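Take a look at the structures listed below.
Two complexes are shown next, each including subunit A; its partner changes from subunit B in the first to subunit C in the second.
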Partner chain A sequence: MVTKTANGGVPVRALQARARLFDPNDKRYIGILFITPVQLLLITMLIFPFGLEFFVALTEWQPTYGTSIWHAVGTVFSGDTELGLNYYYLVTDEPRFLEALGRTLAISVLSLCLEFVIGLGLATIFLKTFWGKRIWFTALLTPMMIMPVVVGYTWFMLFQYSGPVNQVLGWIGGTSAGADLQWLNNGVLAFFAVVITEVWHWTPLFFLILLSGLNAVPENPVRAATVLGASNWRIFWTVIMPNMRGVIIIAFVIRGMEVIKLFDEIYILTRGGPGTATETMSLYLYKLGFQDFRLAYAGSAGFIVLVITVVMINMMLKPIRYELLEKR
Partner chain B sequence: MGARKFGPGSAIGLAFGLLFAVFPLFWMVSTSFKPSNEWVTTPPVWVSENGTVTNYLVILWPSVLLEQRGGLGQYTEEGEVTAQRATESDAVSGAVADFLTKSAWQSIRGSIIISVLSTMLSIVVGFMAAIAIARYRFGGNVTPFFILSGRMFPPIAIAIPFVVMFSAPGIEATDSYWGLILAYAAVTVPFSTWMLKSFIDELPQEIEEAAMMDGMSRWEAHIKVTVPLIKGGLIATSLFIFILNWSEFLFALVLTYTNVETIPVKLSKYFSATSGQQYGIQAALACVSIVPLVIVGFFIQRHLVRGLTLGAIKR
Partner chain C sequence: MANIKLELVELRKEFGELIAVDDMSLACEEGETMALLGPSGCGKSTTLNMIVGLEAPTSGDILIDGQSVLQVPPGQRNVGLVFQDYAVFTHMNVRRNLEYGLRVRGMARADIDREVAKVATFLHLEHQLDYKPLELGASELQRVAIGRTLVTNPEILLLDEPLSNLEAEMRNQMRRELRRIQAETGQTIIYVTHDQIEALSLAHRIAVMDFGQLKQYDTAHNVYHYPDNTFVGSFLGNPPMNFVHGQFGHDGNRPVVAQNGSIIPVPAASAGAVSDGADVIVGMRPESMMLAEADDPEAFTASVIAVEPQGPETVLTARIGQSDLKLVVETGTQAHEGAEIAIRPDAELLALFDAASGVRFKA
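Then we have the complex of A and B:
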């Protein structure tokens, strides 16, 4: 029998919010539920390994010692070994480490500047209208889509002593014999070979970012400046560049974040050689960890690099932090 | 900005840019069709006159090669064999024997399995995180940047603890698919989170709220309303993450030995003691491996810049 009540006979208890202990639909919990998977993934795959590495890096453990990793971690707490010696040696006794740091920085700065200049030049060309614009645009973007190993391998072929780079340089010099440059066996040339490879690979990204920045520059100030008789050069520096500030910072930060990790191309091109002429941070750590098997030592070097990069990137991110988060 | 004239200076600049961008690709494709005696010559051969698909056969269908040659011994094309050529052909056939036991299929299969599964994992996890950040502002400004920090440090710095952790007794994930899949997902999840967040931010929140008013739960609203509405963004993000996973080299290099192999690692291993660098064969595998990348890349060209700038630049 249906009782006639205001709510059409539904039992009152069903309408009352049930006081459940945990409701996955509650606005208070749903954020946590949605964020949990990513936190779990990052905790197991980033925080935990780094925690493990932190303890191992304090010891002098090597896989070749034959003792287990858990035993090595145990010695940290039992006080059987002198801790933290790795860091001491790295800073005082290991010029290779500091050299690799400096070299990484040099490669990064040099290639980012080159990428910026070339990218900006190409982007200004693409503001104009001309035949086949879409095709050329796509062709220019292609290098960016190719995987780093293939990029490294392609340039490895090009930089061979009897390769096309030397041949073309020979033509420019007016001989048919080809230039006499040992691109990958000469320290200085190998350094530039790495920079050229990096520039080839990532100039398209600068080009793309800068082009979208140039397209977003408002037209009216430019027109006004033209009417007032400013030169193109002047317009570029005083009207267009200030408008591009955010975009340029984003381009440098994003690329900076990636270029300091540079590994794949160099591994294929020179393996850090000749000697240590192209040994970047990543290459150095790789050699320490996986050729010398000094995992604890490499781990402590990795920690120094980690701190440096995170601090540096956060400093670079500061000006665009809110631009990134801003809801648009 | 006003359209200025496309003068001769621009034309020269564009021509140089295009030449610089396209020439290395041309060289790789050209090398992949060169027979072994043209791999290293002085002066280099630009376009081979007796082009061959042998390099592709070596990596893809070695059995066809075997039948054609009637054995391992006759790899070179020419009937007349000079003394110098003979040693070379011996070396190459030795290399062929290596490859016959191990063509590129293992690495292609490995690459596909690992890239696809880790992309799926990364997208699912990243989508949930993106909802929490974009819709519930979870963790304010801290959580998004905590997630981003996964992308900041050099992968080698994390690869060292990975090797320690994966080989530790009790975990033993080295040389296994799931170890690599988890590792790849962990380093690509910052990209998927931030890219999907930028797509969700573009979608008005009112649409989901309307769905909730009509009786959907929050979970239903996000899954049945948000997902279909950002379908394009989801596909673009998936393809973008796929590119990243497909190209990943370092983790695959240090975390695999014989059981699992990916294309980039295979590519770096085509180097045999008897015959040195296998230029043509490497070029052929390189060409095969970039085909999906270039297709996918052109497909999501519009979204590429958004992905690479973590959603900071929208077009």
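Then we have the complex of A and C:
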């Protein structure tokens, strides 16, 4: 502590005017100033409805009851109603929900695996040079730039009974008549029609991510393995793929979160039909909420899906958590 | 001559317009350490890659044990390459790294374990076997990279700038380590470096390259003391060889090189068949010159312009005519800035080069 100063050791603070409560020139406020509008928007548009939905989902309220949503929220705290019945029904007594859940997972797993394999194959091809590489690159990326609704309509037309898909399959089969496949009206075929559309739409993203991943694989370990006598196949699995682990997981996570929410394409292709053959979680929720107006019930189902998604995504991220978070 | 392990025959590599390696021919004996020395971009690494098989030569041939290996894929040439950045497989632990080459060869588990243990002991890695490369220091990584190659028992071990990523202290240690490896395994080693000290201290023979051309290939001793051309003279040695331009002539009977009235007497033996009046360059190693008496007939005079003591030695900068010479003398030698000194070059080590081509006149 310096005491022998020009003013005789009186603390400097005491010599100054009392600090103002709000100083507009204080740089600390700039950050807060910038972030506040977005925060307000997020709180009103996202966090508040989320909280509201959480409470409503505990009740069995629907708008058609004629009571207000605030009344429903009130019952949660007043104890006038039994809470959490929706969750109980959904899990024990609602096969349509469980089927939609299983279907969503099936579509997700199947499309992601196909997208991964095709995307990786294409990316591997693009490591070499060949004629028209630039044009092919642009062409291959185009599908993911198209709006899902447009993709849905495109494939809706392609999959018509007298449409191009059947016609081409007919030619392949050696007839001029076209194949006799009810793509959108047969449950099994409709399921695959959805998968094909989804794979066509989003393989480019996998292709792009995996291509950048392949290019980022350090060259020298690959060369070292070559000199040690490893075959290309072995190098691919023992050197290249382990180096791509992070990229692959990120690709699966991004696509996984998207594909669980898949809605537009199915809505246009089949509306979830025939029957419920292609009804995924988001279609089911849409029907619950906006056709049957069972908002609380749909909310409960939504929360179940949210929990499953969060757990699954975290499990997928687990192998690279350390790299992402702990490594300097 | 012992067995010739590796032979390059007019090896040439062109990248479009650029000639990376220009008709290079040399032979390396079994059990020998050969250094490929040159400034960066001179084609050393390209040569290495061609020997390993990662790069195909434009023309010429590579013989290992007398057999051309051009048609042999890299993995089957049985040569080992250690990369400058080690290129250790970072996702595998040390044991897996060491095993890799043997697993590729489909060796039995028990044999793999035995060989890996042997190499790990040899390279002092036995306690690091279960570590991941990220947990290791640079010199350990280096040893993993060497071990991974050594375990496959290659005919030739090629090292690409093995010490350049290490700190000075580690570098000395690793240099000793490399010498030990060479001595104990009797490996034929080819060593790429841009560091002349490394080359001089490790290699039996040095191939000096510049712009894709082989400038000199000889024993380390000869490359240093008897450079074939001015490039080799200037690239090796610190301070490098001194060069004085001048005209060759005779002062009375003794052959001299004259520059602006200053003359440097040169030994008759080094002059050979140089004709009077030819433009020549006199090359003298800084440590091959000594101070002499003023009347010494083999000495010339120069004025000291700088004195830099460096511990036991002192570097003197002296001017003769328009050229500066550096000479290394014992500290304590009587020389001060501005003084005129007589310098007597070692007759054996003085070299005369053709001024136009920089090539040494051979006696």
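In the analysis below, the second predicted complex is superposed on the first by the 278 of 328 C-alpha atoms of A that agree within 3 Å, B and C clash if a C-alpha of one lies under 4 Å from a C-alpha of the other, contacts with A are read in each partner's own complex, and residues count from 1 in each chain.
By our rule, contacts are C-beta pairs under 8 Å (C-beta built on N, C-alpha and C of every residue); 3 or more make two chains touch, one makes a residue touch a chain.
Bear in mind the structure is a predicted one, so any value in this text is a computation, not a measurement.
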Open item on the list: Both complexes share subunit A, so when I overlay them there, do subunit B and subunit C fit or clash?
Closed with: fit
Open item on the list: Just to be sure I read the superposition right, which of the two partners does A:Ala277 touch: subunit B = first, subunit C = second, or both, or neither?
Closed with: neither
- [ ] Kindly classify A:Ile30 by the partners it touches after superposition: subunit B alone (first), subunit C alone (second), both, or neither?
- [x] first
Open item on the list: One more residue to check, A:Asn243. First (subunit B), second (subunit C), both or neither?
Closed with: second
Task: Touching partner for A:Leu208 - first (subunit B), second (subunit C), both, neither - done: first
Open item on the list: On the A-aligned overlay, A:Pro49 touches which partner chain: subunit B = first, subunit C = second, or both, or neither?
Closed with: first
- [ ] Based on the superposed arrangement, let me know which partner A:Leu295 touches: subunit B (first), subunit C (second), both, or neither?
- [x] first
- [ ] Identify the partner contact of A:Gly121: answer first if only subunit B is touched, second if only subunit C is, both if each is, neither if none is.
- [x] first
Task: Larger contact residue set on subunit A - subunit B or subunit C - done: B
TODO: Answer with first, second, both or neither: which of subunit B and subunit C does A:Arg223 touch in the superposed model?
DONE: both
- [ ] Return, as a multiple of 10 degrees, the angle whose vertex is the Cα centre of subunit A and whose sides reach the Cα centres of subunit B and subunit C.
- [x] 100
TODO: Go through the superposed model and pick first if A:Leu141 touches only subunit B, second if only subunit C, both, or neither.
DONE: first
- [ ] Considering only C-alpha atoms, give the closest distance between subunit B and subunit C in the superposition, rounded to the nearest Å.
- [x] 9
Task: Residues of subunit A at both interfaces, subunit B in one complex, subunit C in the other - done: 223, 226
- [ ] Mind listing the subunit A positions that touch subunit B in their complex?
- [x] 24-25, 27, 30-38, 41-42, 44-46, 48-50, 52-53, 56, 63, 68-70, 118, 121-122, 125, 127-130, 136, 138-151, 153-155, 157-158, 160, 162-164, 167, 176, 178, 200, 203-205, 208-209, 212-215, 217, 219, 222-223, 226, 232, 240, 247, 250-251, 254, 257, 260-261, 263-264, 267-268, 281-282, 285-286, 289-290, 295, 298-299, 302-303, 305-306, 309-310, 313-314, 317, 320-321, 323-325, 327-328
Task: subunit A-facing residues of subunit B, complex - done: 1-6, 10-11, 13-14, 17-18, 20-25, 27-28, 31, 40-44, 46, 121, 124-126, 128-129, 131-134, 136-139, 141, 143-147, 149-165, 167-170, 182-183, 185-186, 189, 193-194, 201-202, 217-219, 243, 246-247, 249-250, 253-254, 264, 267-268, 279, 282-283, 286, 289-290, 293-294, 296-298, 301, 304-305, 308-315
Task: In the complex, subunit C residues that touch subunit A - done: 52-54, 74-76, 79-81, 83, 85, 87-92, 100-101, 104-105, 145, 148-149, 152
Task: Of subunit A, residues touching subunit C in the complex - done: 218, 220-221, 223-231, 234, 238-239, 242-243, 245
